[in-house]
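Take a look at the structures below.
Two complexes, one shared chain (subunit A), two partners (subunit B, subunit C).
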Partner chain A sequence: MLFLQLLANGLQVGAIYALTAAGFSLIFGSTKIFHFAHGATFAIAAYLFHFALTGLGLHWTFAVAVSATSAVVFGVLLDRFMYAPIQRHEGSFFTVFVASFGIGIVVQNLLGSVFGRGFMSVPTPLSNSVEVIPGLYLSPLNGLAILCAIACFAALHFFLTRTFTGKGLRALSENPELVRTFGLSPRRLSTYAFALGSLLVVPGAIFTAAGTGINPAVGHHVMLISLAATIVGGIGSLRGAACAGLLIGVAENLAMWKLGTQWSEAITFAILFFFIIFKPSGFFGRATVS
Partner chain B sequence: MLRKTLSSIAFAVGLASAASVQAEDIEIGAVFPLSGPNATYGDIFMSGAELAAKHVNEDGMLSGDLKILYEDSQALPQQGVVAMNKLVNVEGVPYVLSAFTGVSKAISTLAQRSETVAVNGGGVGPDLAELGEYFWNVIPLANNEVGALARYAVEDLGHKRFTLVYVDDPLGESILNELEKTLPPLGAELVESHSIAASAQQFSGVAARVRSDNPDVVYVASYGSQQLQIVKQLRDNGVKAQIVSYSAFSVPELQTQEEAQGALFTTQSIEWDSEDPVTKRFVNDYEAEHDNSPTSYIANYYNAVRVFALLAQALEEQDKEITGANLLAQRKATGTFELVGGEVSFQENGTLLAPIQVLEVDGSGSGKVVSVKTAE
Partner chain C sequence: MTAYILNLLVLISVYAILSTTLNFIIGYAGIFSLAHAVFFGIGGYTAALVAMHVTPEFFVAVPVAMAAAAVTSLLLALPALRVRGEYFVAASLGLQVLAVTLFSEWKSFTGGLGGVIGIPAVEMFGYPVYKPWQFLLMSLICLTIIIVIIRTLVHTSFGRSLKAIRDSESAALASGKNITVIKTLSVVLSSALAAVAGALYAFYMSFINVESFMLDTSVLVMAMVIIGGTATILGPLLGAALLMLMPSALTYLTFLPQTEIGSIQQIVYGMAMVLLMIFRPGGIVSSHPGGSK
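Up next is the complex of A and B:
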């Protein structure tokens, strides 16, 4: 029964990881920008959801809207006013990384100053588990997180494969110059990538605020997982990042079945090293020759 | 020529007066977590230290104003050493407030080498008592806290099976060691211990493991945001056993956390409604300033600053310089100190010995005392 419990927990955690990792992978794959502040987007979305719900007393649907809007605006503003100027001046990959890393720290401290540096969580009966069969406890949040992840991925798949902008985004990751010949602006597509990538962290941020709780440093862990999942899934592969996020979440939990609990986090890096050594192109990444 | 001479004199007088203004402030340092996930402790510690400094200055205990210079440790040993280096080598303070077991251990070597007194009021690792004569503790250490709680849980509540969830650092290790030593003689057992990384935030899997241990008591040995996350996720995931912990549970966020209600924790015993003038003034002024009841952490750092003021006052009366070495000598020469909680004395190893109280989290902000145990 412990195995089943850990598997159920892993699926919920994995669903959240999959969404955040897909957001990072979408941005990185399309724009080649190492958006380290993706974790900051997650933290902003979580805090503003909490604030809108408990501070302003808004209905949860409005709180979700506030959270989603803040995440998208933050992502787009960063793209327009930080990454675009760096790219215009042909800043290196490292310059982008340092700038993004710095923003992450600024946001962490700002959130701490505004909302307090302690732990917060959204009080909801949805996070309380009930014993569905002897020894197996599930909370409504478990199911909601998984359903929400499935719905988001279905919508994302539809957008990327069936819409003109979605196809443009996929094309941007292949050849930005060719995109221009079809009358699309790489700059505008980059903005769409940031908007969509940032939007994808919102469900995870909300479920985290309600389930495990948040603190200003919550983005670091998210970023770590997103990065690992992007590499394991194959750089540029959304499907890969999603599967890798799910794999990491499940593996983190199942590791506790036979190993000590301290191995839970280490397993993420064990998977990462395994892929780097034995399958550097990741789950669905294409093998490249440099 | 005359103008040049006058300018030189004016400059020299200016320097001298600036120096004399600076000399009026008496500075001590503090290495607290001011950012990161444990920053909430820094705010709590500061509130106690600042209130003490305010009282010292209001009473004119020292020849100049007492000022505390804060440096951020982020509750990390490496950052703590950087902060301590600055306070000792740049600011030249003779007395530094410290917090967190890992940070305290890391800075103790520099304290000893530079003959700077470091005083801990937050870390509870038992080996903090063995860090040299320049390292003092104004808080009872984990061996006292774990022992008192184990005795209460086993003898008064009849619990036998303990599970430990502990952070993988010196503090967590010390609690594990203490439980392994303390429980068997009481007829209880530590059925399982679950180590977690200091950065971990997901504990639903740990909760599943804890449930499968079927314990009577879950001892949570963590701190900061993480301990609140552990408590929430244990309860959310169906763990119904009695949750217990040490003095880290005395932070306001946990005291009002819904899932933590009914949890037990230990601190040194302080009678907040005591009539002794130091305690009464501390409680009244703290409540007036913060609209909240004080906790033991706040009292500890109030006491740490007050100990400095009492020692420095004695040194000034003897026309002695306020240095780490003189403060140490004066502490050894002073029998007892009038601090918050009453008259106390230091043990040979520089650690205060105080009775331990077991409290229940009841939403009041400071907990309800359910038992007081003598320190053993």
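Up next is the complex of A and C:
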């Protein structure tokens, strides 16, 4: 029964990881920006959801809107005022990474100073667990997170394959020069990538805030997971990032069956190490050994 | 007051060793590692164990600590250096996270969360070194030796090969450089020298635990290198001094809430990293005036 319980938790966590990793992978794949501050977006979305719901006492639909708006605005602002100036004069991987990392540190500490460093969670009627079969406790949140992830992926797939902007984003990841020749602006497409990628963290942020709870370091943790999932899944492959996110979520939880909770992050990185050594291109990626 | 200043100076020189050795791989080899605190930690724990169970002799404990860090770094370097830069960042992050779990779980080696207590005073040729000024002298000598080693290396053919790899890996490969060997050697060397800092730290504090070797430390050392200036000798020293003095300087600003000093420090250096990358990617002491690499 413990096994089923852990599997159910793992699927919920995995669905959240899959969405966040897909956001990171979308940004990294199309703009080649190593957006380490993606975790900061997650933390901001989660904290503002919490603040809007319990601090301001808004209805949950407004709280979701606040959270989504803040994530998108934060992502787009970073793209416009941090990444764009850096890319204009240099834009090496290293420079972008350091700046992104710096903003992550700033956000984590600002959130800690404003909202406190402890764990916070939003109690909702949906988070109450019921015993479905003896020994297996499920809350409506479990199912909702998984359904929401499926819906988001369906919408994302539709957007990327059917709409003009979506096709433009995929073209940008293939060949930015050709995109420019075709008369599209890579700069504008990059903004779309950031808006969309940042929007994808919102469901995860909300479910985490309502479920296991958040602390200022949550962004860091989420970032590590997204990074691992992106590499395990193959850089530039959304499908890969999603599968890998799910795999890591399940593996992390099943690890608790035999090992203590303190090993869950170690398990993620054992998986990552294994892939870097034996299959650096990931599930669906192209060969990347240079 | 003298004790306070001596204490700060010892810590600055320990961190200057860390930032100088990290700069060797970031600045000259273009290898971006987020696991420097791991080798700092391995150096510290190994030196502490040798001092407690074998001998507190500096010239025994430090070489053993260096060897331990060098072997561990091979484990990271061999698989991870075969792949592109982004992957190495991820792999080193992974090693850092794994190492923190190991440091806090492997109780016989690290004492778990409680740490290692009662590390004896270090001896040099049988003479115990325990007064703060003696210690400061010892760390400054270590720092100087390490700077000389790195400076010399950078100006040899090995250093030129490193810079060639940093600037264009395919060009270096085409001119017959064995990239994997050169990169691995530089990581091993940098980690072994970082272990010296770990050993000094362990002897100085006479108590160490996992708190000193977490991701935060790796990030702090990385910030020192970047803010000071990569690929320069002076930059990492300046960075170490600035970031170590900042918390003490902030305590003098009495209008700041004292409980938030740690956060404010991190916010300041996070912001400094962002602004420097936008306006002056080479750091304060930039080896290439005008910004671009």
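Worth pointing out:
Assume the second predicted complex is superposed on the first by the 280 of 290 C-alpha atoms of A that agree within 3 Å, B and C clash if a C-alpha of one lies under 4 Å from a C-alpha of the other, contacts with A are read in each partner's own complex, and residues count from 1 in each chain.
The rule we apply is simple: a residue touches a chain if its C-beta (ideal position, glycine included) is under 8 Å from a C-beta of that chain, and two chains touch if they have at least 3 such contacts.
The shown structure was predicted, so the numbers you read here are calculated from the model rather than taken from an experiment.
Once both complexes are superposed on subunit A, the partners subunit B and subunit C clash. Of the two partner chains, subunit C is the only one touched by A:L227; subunit B is not.
Look at A:S121: by the touch rule set out above, it reaches subunit B but stays clear of subunit C.
When the two complexes are overlaid on their common chain A, residue A:L77 makes contact with neither subunit B nor subunit C. Within the superposed three-chain model, A:F273 lies in touch with subunit C and out of touch with subunit B [touch as defined at top].
By the touch criterion defined above, A:V132 reaches neither subunit B nor subunit C. In the superposed model, A:G112 lies in contact with both subunit B and subunit C. When the two complexes are overlaid on their common chain A, residue A:T261 makes contact with subunit B while staying clear of subunit C.
Legend: residue contacts after superposition of the two complexes on their common chain; A:V218 is shown touching subunit B, with no touch to subunit C.
By the touch criterion stated above, A:F97 is placed in contact with subunit C alone, subunit B being left untouched. Across the options 24-32, 60-68, 132-140 or 204-212, subunit C meets subunit B in a clash only at 204-212, per the superposition defined above. Within subunit A, the residues touching subunit B in one complex and subunit C in the other are 109, 112, 220, 262, 265. Here subunit B touches subunit A in the complex through residues 35-37, 39-40, 43, 165, 168, 194-197, 199-206, 208-209, 211-212, 224-225, 228-229, 232-233, 236-238, 251, 253, 257-258, going by the rule given at the top. Touching subunit A in their complex are the following residues of subunit C: 26, 30, 32, 79-80, 82-87, 89-91, 93-95, 97-98, 101-102, 104-105, 169-170, 215, 219, 222-223, 226, 260, 263-264, 266-267, 269-274, 277-278, 281, 291-293.
Those residues of subunit A that touch subunit C in the shared complex are 34, 82, 85-86, 89-90, 92-99, 101-106, 108-110, 112-113, 220, 224, 227-228, 231, 235, 262-263, 265-266, 268-270, 272-273, 276-277, 280, 288-290.
Within the complex formed with subunit B, the subunit A residues making contact are 1-2, 5-6, 9-10, 12-13, 109, 112, 116-119, 121, 123, 127-131, 135, 137, 139, 211-213, 215-218, 220-221, 252-253, 256, 260-262, 264-265.
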